[in-house]
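What follows is a set of structures to go through.
Shared between the two complexes below is chain A, which has chain B as its partner in the first and chain C in the second.
Showing the complex of A and B:
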């Protein structure tokens, strides 16, 4: 097998490999800015310089030539090589900054050049704390700058598009954003203009950077040049808490991180999963932070008259719900599950009312045909359509559900804005007793007689099955009124969470929503009704499910965590009808 | 928008086809087609850049990036004669700035501006590769006026006002003049 010598260690490699990626895969480090594993390699930041050469082989004998000490002779390449674009070959010798002073010096000098026109505004820069330029400068950069004259000034606060703001002075022209638009999203909207010392990325004058994936350029920008207009100046990254989760705005189930501070989701970034979304996610999914924070149903409410709702206590809500159930025969109940809710919620919801004697919950896929692309945006607007199919809820359409509603007396809806998405109208529900288990205030909750607030994906651990049949799960990121980060080992704790108290200025009780996981609410309802129904955690529900359902056999939360989701052996249910 | 009104004639389109045939990709023909456009309109403002991009079917951003790099492409409307005065090292040492400031005083405009009558624009440019005949200027991406003095500049402007472009001169560096005579 071909061999390569990196920092005096011998490694074997196979196939075409670039030195930088090979070194990174070994867990070692070479600083770089422009290189990105999913994009082409322009080698234009010049930061990943290494010293490279080749052992000299005697042409005739095929033996390595030795020097006087018996060591193999090395023919060094005439100049430093950018390791990102250096293809490994048999007998190659590479010295990184760890073993070569020349390489270390080359990297230091490159950094000094990169920093010549870079403003020293780290204290007010959003990227600070997660900035490759800042980190590399600390690690490999020069102590100070010898550049004593005025820096080049470039445009600041340029609205590149509806979601991306550019600070051209911070740009080091690595062209990651340009390559992203060219190669990944394909909109080709960006270019480098005024090439020379005044260069920066820009769109054509008649265009705006409205690429549906535009915010990925903010993630890959190695400096603070491209910033998210929504997140600009909202929080320092080290004050936030990062929790892995799943994008619930469409059917793809992009792997994401929820960034919270004081129980508010402030931004959403993609988490690498080569099976689903690689390093990317659509801009729409990042907008979801608003629905996690704002317009939430907090505390149960009952309809008084017309559209007036009044908040009520949990006890009263449970009592009201129980009375409604007791006043009607099980055949008069209509259960509507939801592709917007998790597998566990749907299962617990369906099971509870099955115990009462009601028939299986129906659900309506939320599809907009032609909405998707071939990348990460899907026709499916819900994260868990296949999950509803998996637990055999009854799939129906708008006409079917209208008929079913007309025949029912009590309609119980799980987390689905059926009125808002026009599967039902408010009039359809007006003559019925309607109960909504909901996360957000919607037209449906407004039309409901009783609204029960339940946790959203940012507040519970639950699993979702994406359009390709991959089951993935979320972690609780936001506390509710009834959970506590310090007691729930599944929740991560940021600096503010640890040191903030209810008596200081940066912790607000209002950010905690007064809601319960759907199953926990049903526990209370079961107590009142005297039903055998008790789930202390979504994990228990899932364990029960994986025992019952063939295609979930052997699937656990632990496997989902270790393998970044598990591909289920289920048929690829098309996503055509609406 | 004015954008819709812009269009290449069939002749120009034929020429663009001939240009495209010379390159492996259409993207590579950007520079030449920008010239076709600039010769037609006298500038390559954003709408003209878009016309070029749409004609070549390359991204608009790409054409914009290319056009913004070269001072020779005029991103705004310029005077009939564009005087590119070199102030790079050699010219600067030989009085490039004096020539530039003299021109500015004479025409009553600053570098980067155009006279009200639309006749002259002045640009301060970097090296045009004529260091041997510094200071020098270039007229509208064409002929060079070399070994400038204030008098020579005055005369050049007068000639240009009368519509007379300077003639192309074959230049020899001063130290080589003797040898040139000997050879000829």
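Showing the complex of A and C:
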């Protein structure tokens, strides 16, 4: 097998490989800015320079030639090489900044150049704390600056598009954003304009950067040049907790991170998963933080008259619900599950009412035909349509559900705004006793007689099956009234968890929603009704499910965590059917 | 050193009125080299043509001085992909203005050379890229191309010999970097003129990813001479290791600036004092930039016995470049000169690579400070440091081209720069 020698260590490699990626894969480091593993290699930042050469081989014997001291002879390449664009070859010798002073010097020189016209406004820059330029300057940069002349001034606060703001002075012209629009999203809306040190990325005149994936450029921008218009100046990176989760705004299930502070989700960024979304996500999914924070149902409520609701206690809600159930025969109940809710919620919901004798829950896929693209936006507007199919809920459509509602007396809806998405009308529900288990206030909760607040994806651990049949799960990122970060091992721990004090905003109560996981509410309801139904954690529900369902056999939360989701043996035609 | 230059008869641009017209060109043996090749494709196979040109060692006139025939031989074997010849007429370095004369006075010799090159490399499409400022010369060349199409030298079934070659003339929008060969390819593709990372080299992946060779206009104009007279004859012209006629573009403080055709290897002295009529006002020579502003400047005392060929100039401490000679008399302010050169490279850096984008501006700004009498001695050392940080660290050679003049001008005229600097505030008594 061909071999290379990096920092005096021997490594074997196969096929066509570039030095930088190879080094990174080994867990070692060479600083870089413009290189991105999913895009073309422009080698323009010149940061990843290494000293490289080749051991000389005797053409006839194929053996390495030795010098008088018995050391292998090296032919060094005349110039420093950018490791991102340096293709490995047999017998190549590479010295990174670790072993070569020249490489160290070259990297330092490049950083000095990068910084001379950079505004160095880290104290007010959103990127600070997660800025490759900042980090690498500390690690590899020069001390101080020898630049004593005037910096170049460029446009600031430029609204490139509805969601992206540009500060051209911070830009280091790595062209990642331009390449993203060219190669990944395909909108080709960005280019570099002007020339030399006046360069910066821009749209064509009168064009706006409204690419549905535009915010990915903010993620990959290695400096604070491109910032999210929405998130700008909201929080410092180190004040936030980063919790892995799943995008629930469409059927793709993009892997994401929820960034929380003070029990509010402040931003959503994609998390790398080469099987699902690579490094990317649609802009739409990033707006979901609003629905996690705002317009939430907090505390149960009952309908008084007209559309007026009044908050009530959990005890009263349970009692009211139980009385309604006791007043009707099981066949008068209609259960509507939800592709917007998790596998566990749907399963527990369905199981609970099956125990009462009601028939299997129905669900209506939430599809908008033609809405999707061939990238990460899907026609499916819900994250768990396949999950509902997986646990064999009864799939129906708007007409089917209207008929079923007309025949029922009590309608129980799990986390689905059926009125809002016009599968039902408020009139359909007006003559029925309607209970909504809901995360947010919607037209459906407004039309409901009893509203039970349940946790959203940002508050519980639960799994979702995407359009391709991949099951992935969420972690709790926000506390509810009844959870505590420090007691919940599923919750990520951030700097404020470790070092926060009572004087930090972190422990404020007001952003905690008064809600329960659906299964936990059903536990209480089961106690009241005397049913055998008790789940202490979604994990228990999932364990039960994986015993019952063939295609979930052997699937656990641990596997989902280790393998970034598990592809289920679901037939593709079943998946894509509308 | 060329002694008998006075009897030299121009070959690339002979003194024939209206030679740019195809009738006149044909009357004067024009397109005979092309006919020779196409009429006897057995004797002049594609390989034979390439080998003959390789043997002649036409050193690329765009500045790098690479053997043109050898470059042709890097083209891969023909497959089903299109193949291109891209002709570089984007000469934009201050001091370089030689290709313009070919377009103006003898465009057909270039077209003929390009056709032979295209034949040798099995190329079916030729692009000519000319700087936008040369729009008048673009029109002249377009006229010539049209005539060549009318006479059957271009297009389908050239001269009835079953060869199809098309030629397109296109022009840039005023960027020096589009004269860098891969920057030119990007520009030809309609993109921003950002030079490409090599490898892959254009012969493997050039225009639209297809095999492409890039030659300078003057280089290709030499090709018909080689075919008509043979490599051996061509080798007999000029200096050892640097053959053939050269278009010397002489500018600056001389009495008769202009483009002059003489063999390679002319003595600098002859060129300045005989050919270009000497320094204006009878002043003394102070310095010479031999081949366009990117080539290191030489002091008058470094020029003794130096001739215009790559070996002699290398020994003297500079390069042949494009033979665009900038002559400077004793009144020249070297600080002003260097600032102006740096201003050019700062303005023309494409901004792709960090060291060049940031370095060129830094150099210019510090030089401006020195020019304005606000510099300090330490700034000179800073400038030299910055040139080291730029050199050899970028995708194309523009950073080198910007760094060399700074380094060499400061080193060779250090006194003058120091005299312009303030006494350093850091100096300790």
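By our rule, the second predicted complex is superposed on the first by the 559 of 578 C-alpha atoms of A that agree within 3 Å, B and C clash if a C-alpha of one lies under 4 Å from a C-alpha of the other, contacts with A are read in each partner's own complex, and residues count from 1 in each chain.
Convention: a residue touches a chain if its C-beta (ideal position, glycine included) is under 8 Å from a C-beta of that chain, and two chains touch if they have at least 3 such contacts.
Source: prediction; values computed, not measured.
Look at where chain B and chain C land on chain A after superposing the complexes, then choose clash or fit.
Chain B/chain C on chain A - steric clash.
Tell me which partner A:173 touches in the superposition: chain B (first), chain C (second), both or neither.
second
Could you tell me if A:238 is touching chain B, chain C, both of them or neither one (first, second, both, neither)?
In the superposition, A:238 touches no partner, neither chain B nor chain C.
After lining up the shared chain so the two structures overlap, which partner does A:116 touch, if you call chain B first and chain C second: first, second, both or neither?
Only chain C; A:116 stays clear of chain B.
Quick one: is A:189 in contact with chain B, with chain C, with both, or with neither? Answer first, second, both or neither.
In the superposition, A:189 contacts chain B only.
Between chain B and chain C, whom does A:47 touch in the aligned arrangement: first, second, both, or neither?
second
Now for A:204: first (chain B), second (chain C), both, or neither, which partner does it touch?
Only chain B is touched by A:204; chain C is not.
Find the residues of chain A that appear in the contact set with chain B and again in the contact set with chain C.
191-192, 194-196
For chain A, which residues are in contact with chain B within the complex?
Answer in residue numbers: 181-182, 188-196, 202-207.
For chain B, which residues count as touching chain A in their complex?
Per the stated touch rule, the residues are 3, 46-47, 49-50, 53, 59-65, 68-69.
For the complex, which residues does chain C have touching chain A?
175, 192, 194, 197, 199, 346-355, 357-362, 365-366, 368-369, 382, 385, 389, 392-395
Please name which positions on chain A make contact with chain C in the complex.
Residue positions touching the partner: 41-47, 49, 78-80, 82, 85, 87, 106, 109-110, 112-114, 116-117, 146-147, 149-150, 152, 172-173, 175, 191-192, 194-199.
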